[in-house]
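Labels run A, B, C, D and E following the written order; every chain starts at residue 1.
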């Protein structure tokens, strides 16, 4: 049984259709990279999978369970942890509060997150609205980890991060992968992405067009769908 | 050498005990791209905010085109020719991409206190705005409300709006963030060509872009400029490698 | 004016302030923390007073009435939240204004339909009747002292709830980004119902407590509502501390203004004209205070955080 | 023709038709009702400028409505008693001439709006709502306790003011004056919305930081819009006073501020004809329900509630669908 | 010839109790008379002046009423009356008698059946003097009616004023004022605080431990409101032109019929509504309403059995009547009033000289 299984997903913003047919799966312990150019529907796919955006056709299953009738908090409690595009830290909460506000018990504790991102610990009393961009990204990852998700979803995982930190994040992702964490990840840096990913899935205008291991992702495909 | 377009003189800004800007002095000259890099939280955006006028420094001064602009408001600085983009896109969500850019054009072309003539009948305004949208490859999406643009498209829109201001200096805060490889590449080319029209102070974490674009790089760590120099000098500076670039693999 | 009297008036001001806070307490939660403009808050206050009066009359016990008002207002709050407010969180603030304005009409007229047009009787429970002598010689009604105590207790409790508990964090997180807190696994919908009901219960409690020394009548909630909004805005939205201090400030300025302004004008004006000018200014005093505070500190005295 | 434009035409012409139909059916009272709708709609059009286009939620627009009303009332009563309003430093006589009264009303509102705006526009969001309320309340309490012009009792001035060439006491002629004022207000705000200034104003609502970053100072834009908005509402107030031949503090009360706001929201915030649709619906409901049952406010509340819950974007929103983004 | 009466009164929102009583009293009289020619339409003004004006216009233009009545509040009366009487209809005030309409602004078609606003306060002033109070503390809200009240009181009061306070309209907390009263060495307190303000004041006063006697006009001690004030009101002296124990047949019949019809004791306002209806009925007997001059003359004769005893109009068409002093007592479980004296006899109004009628 796949951890996450999306089939024939269609989604709309009001009357305009953003997803036409998305198929995507993430297995237990797998790291899947979701790719595509700007505006192709990566974020929309993720939002649908988290039930932030209701979808109309197709199905999304998580650990065999149909997510159709569930609200987003139920999905999260089933074990989906989201690091959203644009970070969306709670600006009126302190760093510490951001971390604990939705925490659920499990391996990931405040100590572990602080150990992973020491800078967050230094700034724990500060309101998260005054954090630098990179600090906010760390906070968003830490916040998602604190919910101890079975599947971690990272939308634009390293956007706006300095190279050192970016490296840290990638190594954190590899660590997580090593520990058996399942991850669905969107990022624009192909090089690093392909290093950690077990599988890549490409979207083109709201439709899944390619799926396979990174090794099969040849220049031609990259050129066609990713514009590299 | 002619006087710099922008020169910062021992600028200081603290948030409580935190020195976000610690005695920073730097120049941006005609025709150059000056890149500002540094770890997250080093104070790059804070610096940009002070130059743009949305934060006021605790000390030091900012000279732009030979004048001290420290006392001017954000809007006044923009009218003097200081254009900027934001780290997190800032657009008018209900307006179409076109109308967003038209607003910038309108501010460079005469007064905004004209109450009677419909803007959508103002060809000059529309054409000028369309031109900028084309320049950033967004003309196909001209009539889509900004709220419905994807993240990357919104970054492009920001750039178009900044350009439409016909600035004498551009402050770009992470323009590549959120753009795909394709987007980054075309933006790099675009900026490369742009430097001849307008000097740029560029904050960016995409090192590939920075190294290929910058004429000069300053490295900010904990609010201090720890190094400043050409691409080669910075690449080989051990302090910078440790604080920012990390060990090359 | 003697010093003793001045002190007593100052005390009256503080006490009036705490009473205002009692009314504002529920609003701090709903408006200040959840960010919902609920004009119908005054109606819940009225419902509390009416329930207390009715039950007290039927059973002869003020305390049963108090319980009824808490429970009834909470229930009304929950129903309102589920039926109406819930649909409005992701809408414009203005839709909330219109909807809750409609609720005022419904509640006021509904109450009048059920209870008639005449004010109801609600008296202080016997144990709290009469005045006590304070150190310094001033006599003070026992019931008012009780109200002060309850007000301070509620202030303290709310402060703890909002700034020290996870529940408080979640409410605040929900205010800034409902979608995100939901995506992190918090059932924000139910949580908001609970919080709204709690706010309603506090309004009901205030209505019952204050109703015993004022008049229990249809429309009693409206002037209070405006004052409570003033208090919260002066204090800084979302801050319990601010609301308490704002309330006391308003109480003191209003009380002293009422007493001192006419006397001040009497120094250089003919007596009856002075009273009239002075009291005219006194009735504007709290609004002048608010305008000055917001002109100097556009975010209120204690903006952001609890 | 776009759907919204069609609806606007229907609303505009519909309002114009009502009084003539009423005359034909010999139900002159409906002329008064239509006049009332026109005047209150004009007040709403004024507010809509600040609230709908500029995002300034003024909860104190009754202040301007009332000031306009008092300008009319005070000048008229001075003309009636034949005593000048001011003698030092210069003489201002009372007057019965509507045009003069309107100019005075607009000037007074502009002055007060500049003063209030300078302070209030430093704040934003809920603070702005409350500070505008505060100023309105100050004026309200002032009017209540100031005895010269009736205080709480208000000021009755018996005869409607005059308009050159028209008999204002004839309901239909007075209606036409008000209707013309409304149409002028609508025309001006349509042009204003589409103008450069309108663009800046709308961005001031959507994203103030962006506006400043394009080199336009948000404060100035807002202040000007606020003043224009106040003037329009003030003019409506002057007409309202003339309609009732009475002005009192209730025109300044927060209930009235709320009511004007309700018109705007009910009709559809930021829609050009929203205030007209909202005012018409509200007044017609108030009028008919009031005739049916003593508990009409209960049903009015229920209807309003249903409108908010099930009709997104107000009356115009549901009839015309999504706003276009130009 | 049928007479169409339009009643504009406050039936919803704050203060609607007064409107309900006026209406009920009026309708009771109409019903008792059984006169088919008297047609009454009632509408709610929700206490809004502009709505009241609109309804008046509707009644005059659409319903073509002959007589208007019903308004409770002075400010609404000021908005409606001048323009209505100018249009030729009669207006009979069952409550509210602003000084303007009694003096300079009087009108041949305007009749007041209740009192001029100052009357009850004047009577209390008279009573305070005759009761031997030497130092009275007086307070009222800061609006015209409040100022008239204190002026009215002082007009017939001979003692000193220990203190004079104007409170905010709608104020509900009186701790500060009560402290001022305590600190002054007043021997009595006179207050005019209509509606909820009065209830709040009395309750708080009773709790404060101050034991200076209180007095005021009937508005804060009338039947509808006494229940809400509770025992705090016991023993308070108040002035009224009517009381349920006035001993005349008309009043007995009224009180009995009202209780039978509505199951509650009538109030001051009910009595005023009842008298207004009877005045119209009496005029209908004598003249055709279409003949305005004759009907006016008939009204002016006031040839009806008023529940308050002797009743006649002064030249400004406001009543000349006795104003009684009542005391709040308990009858079984019910709080009510009992007449204990007369404050002023045959009182007209202070402004009658300004009226050119």
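Note that in this section a contact is a pair of C-beta atoms (placed from the backbone, for glycine too) under 8 Å apart; a residue touches a chain by one contact, two chains touch by 3 or more.
Since the model is a prediction, treat every value here as computed from it, not as a measurement.
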Neighbouring chains common to chain A and chain D, by label: B, C
Chains in simultaneous contact with chain D and chain E: C
Pair with more cross-chain C-beta pairs in contact, given B-D and A-C: B-D
Of all other chains, the one whose Cα centre sits farthest from chain C: B
Remotest chain, chain A as reference, centres from CA atoms: E
Distance between chain centroids, defined by C-alpha means - chain A, chain C (Å): 44
Whole-Å separation of chain centres (CA-atom averages), chain A against chain E: 74
Computed distance of Cα centres, chain D from chain C, in Å: 31
Averaged-CA centre spacing for the pair chain B and chain A, given as whole angstrom: 29
For chain E, residues that touch 2 or more chains besides their own: 11-13, 142, 147, 166, 168-169
Residues of chain D touching at least two other chains: 141, 144-145, 147, 295-297
Two or more partner chains touched - positions in chain C: 108-109, 112, 276, 279-280, 283
Touching pairs among all chains present in the structure: A-B, A-C, B-D, C-D, C-E, D-E
Footprint of chain E on chain C - complex, ascending: 1-2, 5, 8-9, 12-13, 15-16, 19, 108-109, 112, 116-121, 123-124, 129-131, 139, 141, 143-144, 212-220, 223-224, 255, 258-259, 262, 271-272, 275-276, 279-280, 282-283
Chain C - residues contacting chain D, complex: 31, 37, 84, 87-88, 91-95, 97-99, 101-106, 108-110, 112-113, 226, 229-230, 233, 237, 276, 279-280, 283-284, 287-288, 290-291, 294-295, 298-300
Sites on chain D touched by chain E in the complex: 27-29, 32-33, 36, 141, 144-145, 147, 150-156, 158, 240, 243-246, 248-251, 255, 286-287, 290-291, 294-297
Residue ranges of chain A in contact with chain C within the complex: 50, 52, 71-73, 75-77, 81-82, 84, 88, 90-93, 97-98, 100-102, 104, 127, 143-144, 147
Complex contact set, residues of chain E against chain C: 11-14, 16-17, 19-20, 142, 147, 164-170, 172-173, 175-177, 179-180, 182-183, 195-197, 199-200, 203-204, 207-209, 224-225, 227-231
